[in-house]
Each structure stands twice: as C-alpha cells, then as structure tokens.
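Labels A, B, C and D are assigned to the chains in the order they are written; within every chain, residues are numbered from 1.
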C-alpha cells in the first residue's frame, strides 16, 4: 500500500524532570540510539529525561511523542514531534508506557516509579539505567548502548 | 535550532465509525486538504471517518495521530502515523479534540457528539460538515474545502 | 449477610454550574424525590444543579456522590456525602453518568451536553427537564416528579 | 446546617487482589479499625485486600468507597457502600489514593506499587503493613492497630 510504512516500534523513556547532567547525557544518548534503530520514542513530554531523550531522537532524525499531563500542547518541550495533551494529570503516567515494546527507566522520583509500576503491571520489559529503581522484574543496564540493546532484545512483538 | 520545525497546527477530525460512502469520501478529502495545508490530523484512530481522514492525510504526505480508547496500538487503522493508546475508553473522546486549533465534525453518533461538546466547552471552533450535529456554537460548512478554509480561518492561535 | 443492604440504584443528575433560581429549585426537588425513592444521587459535585440536587437528597436523608474534576475533595459542595476526586478534568464527565440507572438532565452548557452524550452513548435513559438539550434519544419531562417517575420507570436494571 | 456532618477523613487501603489468608485478616482488621475511628475507607473495590478492608469497615458500621477500573458497578465486591465505575482501567489507580488523608499499603503486586507511587508523589503518608513494598518515603507498621494509629497521626489535615 503506497505511502504506508510498517508500524514502528514504540519505546518509552522515563525519568526525572529535573535530571542532572550525567543523567541528561545518558538520556540523550538513549534517544539517539533508539531513533537510529528506527524506534519512535515516547516520553512524558516535558523537562529533564523526557526532553533529553527527545532531543537525542529528533536530532538523529527520529520521531518523538510526548504524552502530556495538562490540557495544552504548550507544555511540551521543543523536541517533541507529536504532542498529546491528555488533561488527566498524573494519571497520564499510565499512558506514557502503555503498549510500549519496552521501557527504559533513568533515575527519577515517584512519578517515574509509577510509570515503571504500570509497565511491569502490563508485562512490558523495563530496562533500568543509571542507578534508578531497583525493583523485582526490572533489568539493569550499565550503558546507554546496553540499555537500548536490552530493550530491543526483550521487546514485546506487539507494541 | 537544526532539526526543529515550528510546531504545526493540530486539527481534529471527528465523525462516525461506520460512515457511509459519501461521508467517507468527504472525510478523506478533508484529511488530504489539511495535510496539504501543513496540519497534523488528529482522530480517534479507528474506522469510518477517522480512517478516511487519516488515509487522505497520509497519502498526501501528512502526519496523523490516533487517540485510541483501548490499551493497545493494534486497534489503530493503518493510516495512523502515531498511535496513542489511552486505555481510558470513551473518556478519551475529551483527548481527541483537546487543544485542537479547530475541529471538523462529520456525521456521527453520540460519541461524536461528546467530542463536539468537549471542543465547544474548550472554546475550540467546531466546523460541521455534511448534516452533522446542528448545535449552537458550531459553524456549518458545505464542502470539504469550505470546512478546511473555515477551520484554518477560525483556528485558535495556540493548539 | 448482616450489614449488607441490596445495592441501591444510582441516578445521575446533571446541569449547569451557574443555574438560576427556577432551575436550582427544580434540581433540589429532583434530588429530594430521588432520595425518597431510595436512589443514590450522583453529580459532578460542584455548584449549581449539582449542589441543589445534592442538597435536596441529603436533607431528605439520602446519599450523594460527587465525581470531581480536580485532585482534591475540597472542591465538593457541602451536600456531597462521598466526594471522589478524579484529577482528570473534564474527562470526568464520562464518569458522572457512568453506569447510571438513568440520568436526569437540567439546563446546562457544553459540559452538560457532554454528559448527556456519554449517557446516550452507553444506552442510558436520559430524562430532560426544564428546557435543556433537545436531542434525539432523550425523553422530555415537565415536572420534577415527572422526571423522577420517568427515570425510575425507564431505569436500566443494572446500575 | 441540619443533616450535614463535618467531612470525614478518607483513608485508602491498597494491596493485592489475590491476597492470602493472613493478609486478608490484616486488611479486615485495618478496615474495621478505620471505621471505628470514623474514617471512610477507599479501595479499588474488587477482591483480596480491597474486599477484606471493605468488609471490616462495613461490618463495623462504616462507609466504603470502591474506585473501579471498569465501566460498571457490577465488578464491586459486596462490601462496597458507594461504587464508582471509572472506565479508565489501571489509570484509576491514581484515583484510588487521590487526596487520601493517608494510605495503608498491604502486600500486593505492581498495581499496588503504582498506587503507593502516586500517593508518595502527592506527599500523602503511606503506611506499609505486612512485608509490602520497602520504599524510601514509606512508614512501616507491624500490626493493624499500629498502621491505623500511624495513618491517623500522620494524616494530612486536608483529605
């Protein structure tokens, strides 16, 4: 069918909104590598890890989706290709990881924890990078490249 | 900033999932024209008007977003570029039109009516095409071209 | 089973938040009569019709549920027996009428219209009282007593 | 104002849906004690810990609220006084603990973890009872009485 590519893999990248420099650099590298592997990068669409991962992906020519808590696209960071306002507040955390092929979790706070919990609840592989949450069911990674490899190796066929 | 285009306008197209041929043709034309005008087309992501508008937009080189009621991307029609599973059922109707620059409403049933209501509630211009809901606050259009012109003329600056 | 009453019927009462005196009086009468008939009265929990219906029900000894758009119970009116903060904004309109045995709609604006649309979408009987929305599928009533009678006559067995 | 009691404190009790006997007994005791202290008990409304806590509360004369994931009240356990269908699936976990004065968490799986995460995100005191999640920010309790005492001591003034 002309004009229709096969559905890409969606990988969610989660982590704190006020991430420090090392975490930001890791997130940007993760975003870049996911884009290079043809994945759509889904984030919560705002600052910190979401912005860095989106920047990495977009500057590598990828597509990024930001699932926003508020009712306006204005809160998206500038590297979000497709901004999705939800208006449902923190309940949107469930949607940030929904039906992801895999989730890569960088350090964050309780919002990130809720996203990891929703992913685990759905049986989605969760790769933890950089001293994030150490929870039963998650898979630790030591580098961005390692995290992306693990995510795509463990990725669910649908998603 | 290299790689970053200005944020596009998002226009939502709503209508029934079991639309007949004339409505499908209208929806496809609306989608095509919106894409030609540089808009991202947002729909509910499934059959009928959503599929036709998405097909028109994608085949014209545009980007389409499908805001899905279920928890999986598998329910998106094949012309959805970016599929967004929400898992919130019919409450996602609020998100289909959220922060749209304008909404174009084709004939549909009560689900479509709820989307029109949410758009009007938010002060978003609603263009009604093809014998749809005749409600105070909506703007009637007689052709697809007319609907797209009205949508972009009345479009909210943000969205 | 000691202590367990049969599940009551839940009837939702919807309408504007800035209702004028005649509408407020009607809503209070509706709430009172529903409570006298043993129904739990569900509303959006804030001012106007919701407050009046809740006041009528509570002062008659009934139970009222307020499904709130925000994330705090503080926004509930004082006649809400059980306040339910949802944090999902206007998307909570879907929940105000969800699985209602019937819905009684007094005059309101687009938020009320979305609630009526969701109820009709679910196949729930919608009784319109006092010059509200004249939509296919709704049932007009001329007095509060008439509305309550119609609601309970048409009520879905489950709900 | 006749007929209006002061707003009660709402305490959420979370935990697994397939809890074993010792956990069920603990949950029931927690529910009973919360009711005896005048609290409304909020749960996810279904089996396991939610059912046991609701049973304990109702049999002690208390009020219980079940925030359900589905779109129908039929899925509530019989000890739910006020059943609230949300239709938003697991995203309703955010609502189960929303604006709670405190949360008491019994053992559960990832759904419970998401509820704990949302509570911590909101700054709500989370009391963990019975080998549940050991997370920074939670407060451990050793008995049901201890958990209820801690919950009410630490309870937020609003909620």
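Keep this in mind: contacts are C-beta pairs under 8 Å (C-beta built on N, C-alpha and C of every residue); 3 or more make two chains touch, one makes a residue touch a chain.
If you're wondering where the values come from, they're calculated on a predicted model, not measured in any experiment.
Chain pairs B-D and A-B differ in how many C-beta pairs they share in contact, with the greater number at A-B. Shared residue numbers account for over half of those found at the interface formed by chain B and chain C, and the copies are therefore classed as meeting with the same residues.
Averaging C-alpha coordinates per chain places the centre of chain B 31 Å away from that of chain C.
Note: centroid distance chain B to chain D, computed from Cα atoms, is 40 Å. Note: centroid distance chain A to chain B, computed from Cα atoms, is 26 Å.
With touch defined as above, residues shared between interfaces to two or more other chains in chain D number as follows: 71, 87-91, 94-95, 122. Against chain A, the residues of chain B that register as touching in their complex are 1-4, 7, 10, 40, 58-59, 61, 63, 65, 67, 71-74, 76, 78-79, 82-88, 94-95, 98-99, 122, 158-159.
If you check the complex, the residues on chain C that touch chain B are 88-95, 109-111, 113-114, 117-118, 120-122, 135, 137.
Chain C contributes residues 71, 87-91 to its touches with chain A in the complex.
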